[in-house]
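The following block contains the structure, expressed as structure tokens.
The chains carry the letters A, B, C and D, assigned in the order they are written, with residues numbered from 1 in each.
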Amino acid sequence: MKKKLRLGMIGGGKGAFIGAVHRLCARMDDKYEFVAGCLSSTADKAIASANEIGLDLSRSYPDYKTMAIEEAKRDDGIEVVSIVTPNHMHADPAIEFLNKGIHVICDKPMTSTMEDANKLAKIVSESKAHFFLTHNYSGYPVIREMKYLIKNGELGKLRIVKGSYLQGWLGSKEESTGENKQAEWRTDPKRSGTAGAVGDIGSHTMHLIEFLTGEKLKSVAADLNTFVEGRKLDDDASILIRMTNNIKGNLSISQVATGEENNFKISIYGERGALHWHQENPNYAILCKLGFANQIITRGGSMLKEGSLANTRIPPGHPEGYLEAFAQIYSDAADVILNKQNKLDLLDILPNVEDGLHIMKFINACVDSSANNSNWTDLSTIK
Amino acid sequence: MKKKLRLGMIGGGKGAFIGAVHRLCARMDDKYEFVAGCLSSTADKAIASANEIGLDLSRSYPDYKTMAIEEAKRDDGIEVVSIVTPNHMHADPAIEFLNKGIHVICDKPMTSTMEDANKLAKIVSESKAHFFLTHNYSGYPVIREMKYLIKNGELGKLRIVKGSYLQGWLGSKEESTGENKQAEWRTDPKRSGTAGAVGDIGSHTMHLIEFLTGEKLKSVAADLNTFVEGRKLDDDASILIRMTNNIKGNLSISQVATGEENNFKISIYGERGALHWHQENPNYAILCKLGFANQIITRGGSMLKEGSLANTRIPPGHPEGYLEAFAQIYSDAADVILNKQNKLDLLDILPNVEDGLHIMKFINACVDSSANNSNWTDLSTIK
Amino acid sequence: MKKKLRLGMIGGGKGAFIGAVHRLCARMDDKYEFVAGCLSSTADKAIASANEIGLDLSRSYPDYKTMAIEEAKRDDGIEVVSIVTPNHMHADPAIEFLNKGIHVICDKPMTSTMEDANKLAKIVSESKAHFFLTHNYSGYPVIREMKYLIKNGELGKLRIVKGSYLQGWLGSKEESTGENKQAEWRTDPKRSGTAGAVGDIGSHTMHLIEFLTGEKLKSVAADLNTFVEGRKLDDDASILIRMTNNIKGNLSISQVATGEENNFKISIYGERGALHWHQENPNYAILCKLGFANQIITRGGSMLKEGSLANTRIPPGHPEGYLEAFAQIYSDAADVILNKQNKLDLLDILPNVEDGLHIMKFINACVDSSANNSNWTDLSTIK
Amino acid sequence: MKKKLRLGMIGGGKGAFIGAVHRLCARMDDKYEFVAGCLSSTADKAIASANEIGLDLSRSYPDYKTMAIEEAKRDDGIEVVSIVTPNHMHADPAIEFLNKGIHVICDKPMTSTMEDANKLAKIVSESKAHFFLTHNYSGYPVIREMKYLIKNGELGKLRIVKGSYLQGWLGSKEESTGENKQAEWRTDPKRSGTAGAVGDIGSHTMHLIEFLTGEKLKSVAADLNTFVEGRKLDDDASILIRMTNNIKGNLSISQVATGEENNFKISIYGERGALHWHQENPNYAILCKLGFANQIITRGGSMLKEGSLANTRIPPGHPEGYLEAFAQIYSDAADVILNKQNKLDLLDILPNVEDGLHIMKFINACVDSSANNSNWTDLSTIK
């Protein structure tokens, strides 16, 4: 009979946004059962949160260390833990569970500091347990088809990449209203790290470009801005980038772009073709091939299943969205853990600790460059 | 602690498309646990299907009557059953479970014949159990906001409606390939009923127009066509419609529209405004108001939650899709069954047996009109 | 040295919209010089209008008959005349100039009555002069490429056509404001003819479908509506159509579709492909080919010049619009008159008197059908 | 009676693209008559070109100096001259005609060198004749409405600008095919100047941002690239920009962006709103206002005529394009020269010698920055 993985969660209590998303996505493809949690660092709130979502209170823990110890003891203890706390609280719990051989699915960016990132990377390399990062946009089927097309040479040698991730929700001082917890911690250097918008959504942008192209960022020249007075971290950035194999490009990152919801766009240009994708209508991409009319790729419509490793749940024209793409990461992580046939292929595309470490270097290089008059800053200088 | 409803399913075995969709959607908002099923009318396949999805084999039944009897006996028996069989197998199981006081969530169209539809409607009216139809497009948050705006008078007195539902998957004789079960039964009058495309997707179109406008179809002048040689039911239709309160309009329905995936569009025009929606990018609508620039409504972006009764799981710009809208019907049905606070409002908008009966009359009126030289045919003449 | 055709105009005085459009379009490709006119039926206004646009007053005439006589006498008399008056004033001037051997470019619909249409058609058939109708949408380069693709068999055998032409400018009783001359005559049966919206824009829609497909309309089942109280002609219509070679479809025509500007769309579906075009963004079409991703055709981007006979003035991506398409009719008419090499091909696609007569039958068939309970009405019954 | 301006032209002979565009645009609104030219620097070709377009051969000149002298002598000599030669041939003819009191309409960028630009600027400042630059994108009606909305404070204090101008036509070595004259001179430093793509289309982008915002560029950090081997000038650039009043942003400029036709987009974000425009569908803009649904502005649909100074020739929904916008510059220049009522307002928005000089500094600052490791380079350092 079908086996489901036992899943626990750190963070994600009442009022948290991303915790509920992780749980929904774990349920979607029916490969997990959610059985334990430390949903809040406040004991009362942890219990209230557990009650609200129907978690067995005997497996609702007051702190993550206790949870790791107790769950590791049980025969039916959790096999996977999701870490959905603010950035500064990723590394320690992750290390605790990895040391107990429990697989970790961790929100991005990987940590708040390079020190934590390096420490965690070392532990992961020594652990038998898997570590996955929810760079969830890489779970969109059309994105995976784009990756496959690029790998397959459809665009020829790559030349230019453009990434643009524009939101408007931090256009005024949301972090001071007392009503927006996410605004509070995302603009707080202690919890978020050295970058604001660049850390939160710049990280997604750069990861997705590397995911699609199979190439690595080498250096950045960044202009980070803080438009909202009194804010402690960047809320906007323009970044020039240079990648391996002479790819050039730029990124536009903003959380003060008035009127934007989650306007995340990627364009990749090669000598013989180009690909364009827009997250707000994610079931489509435009494929340009030199000498032909531009084509509209649709999710499932022209899918090369082996190549793209994409799981399309419903037929073309029936739109899938953000949650389905996010759930894809959970589904794939389960397949890896359960040693399904496509394990090696999935390990190749699932965001892992090396991606996390590299994106942490990207974030820190942007901050350094901006502090140094936007000088070109090599990722190799970030330790 | 949180209560989940115990759910069973009739149909939806291996290879079926919509059964898996129903199960996924029941899981999405964590208000159901799936515990029993009669997944196939073939005993072996029922067991294999149960095994595949991890259903306890002791609650996998060989036929729906046995299932109804056995589950009704149990203290932990199912409280809700989903019926996801072809149209001709909706009425009998639905009646069986309703008679046992078990709530029914049934796929559309409601039945294959008017006789079945009337019989079922009578049973529902006498039962204490609820009966819901998955006219799933009414679960899209933007659709619900549109309904609210219209009810609120934003468009003024309504004048014109346009519905267009175009697919291309039946462009050649798919039902004869031996590889497309859905094509087989949907083009088979015994299983599907008197209409093909009009029954399958015309039903969605007309329901959504009535859902949005709050008005009822009165008569149709229909031209049903069968473009694929040897096909037994219509695969294309153009339909003139007249509704209550002097609303006029037309419908374009096709499953042989080459290149179309699931191109379902609705436009509603009133004296002072208009609304437009496209299912393939469903998080947006266009609102026209006389004397103002047209506006782009986004899911969650300008949502009037009380009015629209819409459950938005993630922020604007993070697209939700077909599955989320479908899951909304499940979520709302659970809230009704569990007597949640918004029960009465939800009963007002959830597709029910009367909607089902009315849409059956629409289907039969189209068939009659087309058989009579496209004469205007009143729904009151359909018994 | 380059020869320009000497052009005159009937109608198009101060305050008229379409006269200025005709003059601009005649100038655009530098194949005409505008030298004479009877710009208004009121003498004072004719002179004032001539003055305003810089016309030599000695060739500004008080009535079209005098103009025909005088211009025919001159060695440098006009070779072509544009007729841009309301519908009921098309036939008589056209006949006058044709009888003098002067070519005619006439606005659409051809006349206000079938009687006039038949009379004019007879004269044209006997005249050595050419007669062209400004069914201007057939001048769009992308439309011409679509026609070529269809003729070339890219869509396979045609099945379904959809035409939709929606405007909102007559949503309230504009004809009674005293400030909208066009609204006045277009809703006046004496000047416009038996149909309102169907005559004005339904005529464009049906012409373009026939132009693209190369097939002819056979019969209609029409529901014409007048939503604005007291209006004398239809302002909205839904029409079922049947064409030669078993093509089926429907038309949506409205001038009370709130919020619409000039939303004219055409879709053509065949067994192996489909084409879609939207006038409000006219430099693009979508080409569907069975088994391939949908393609975006761009003006000039993939143009087959011989086939499409399209004159693209500027490169792809530099949008051309309504005026350029309208000017194409003028440019082509000049090439025909000047016996340019492509004369025969152009005569094949330029809207002519037979098109005009056929579209007049379409208009009258719609009116008849609607008056007879939307009965199917054959164009052969219209005399 | 209506007065038309007598127009001459330098350049624009057979095979040239932009000369024909200038002539068509001068004709469009009927404010000019084209009477003299030096269409080519080769005598034979000048005559052949004159013949082809119907220019009186007695006013077809072998060189621009002769033309300036002869035309200045005539009573009916030209009043305006269009200069449509490659960049290095702008300044000398312009100076020649300005010195004769003849108005100049000059293609952009203004010159090929700063030296020429400064020299020309001095002459213009001393001349009574007007000098206009065809930064034609500022002639789009929607662009002018955007300028007006921004000036009117609809966006609040401006924060961020994004400009992207992407073409693909130089993706391979077109300049070596012997068949693309424009590619030849645009990639030739002697004729084009120090920049390639940045000079050709970067100049349009930066001008339009300044035109819209009313703010000035202060400094750039640019990464200019040459992707096509052996090419002498940049064919791609990513540029960080800083403007007056603390506006930040970036530009993406490319002529090797495979599959792009003329993809020119501008976004402007302020504290309370934003505006977005796309040249390839130029009759629309998106207006975001904080707290409201995004609005779709249409050409003519919501036009504030006084404010925007836009001349809409045809109603909303009837698309105007590139040629109409380009013609707007000619129309406005004529109104200025003829001392029409709106002369002062037009002088305020028509691209002039100061704009030209400033954009030349932008081009040179980009080249300098890129040569200096993308260091921030202030425009004040460019002399």
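The definition used in the following text is that a contact is a pair of C-beta atoms (placed from the backbone, for glycine too) under 8 Å apart; a residue touches a chain by one contact, two chains touch by 3 or more.
Bear in mind that the values here come from a model prediction, so they are computed numbers and not experimental data.
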Comparison of C-D and A-C (more C-beta pairs in contact): C-D
Specify, for the interface formed by the sequence copies chain A and chain B, whether it is same or different in terms of residue numbers shared by both sides, with half as the dividing line. same
Would you kindly tell me how far, in whole Å, the mean C-alpha position of chain C lies from that of chain B? 43
Report the inter-centroid distance (CA atoms only) between chain C and chain D in whole Å. 35
List the centre-to-centre spacing of chain A and chain C in whole Å, with centres computed as mean CA coordinates. 55
Interface hub residues of chain B, defined as touching at least two other chains: 260, 286, 294, 298, 301
Can you name the residues of chain D that touch chain B in the complex? 286-287, 292-298, 301-302
Across the complex, what residues on chain C touch chain D? 1-4, 17, 20-21, 23-24, 27-30, 51-54, 57, 167, 169, 260-263, 279-283, 298, 301, 313-324
Complex contacts: residues of chain B adjacent to chain C: 155, 159-160, 162, 164, 168, 171-172, 221, 223, 225, 227, 236, 238, 240, 242, 248-250, 252, 254, 256-260, 267, 269-274, 286, 288-290, 294, 373-376
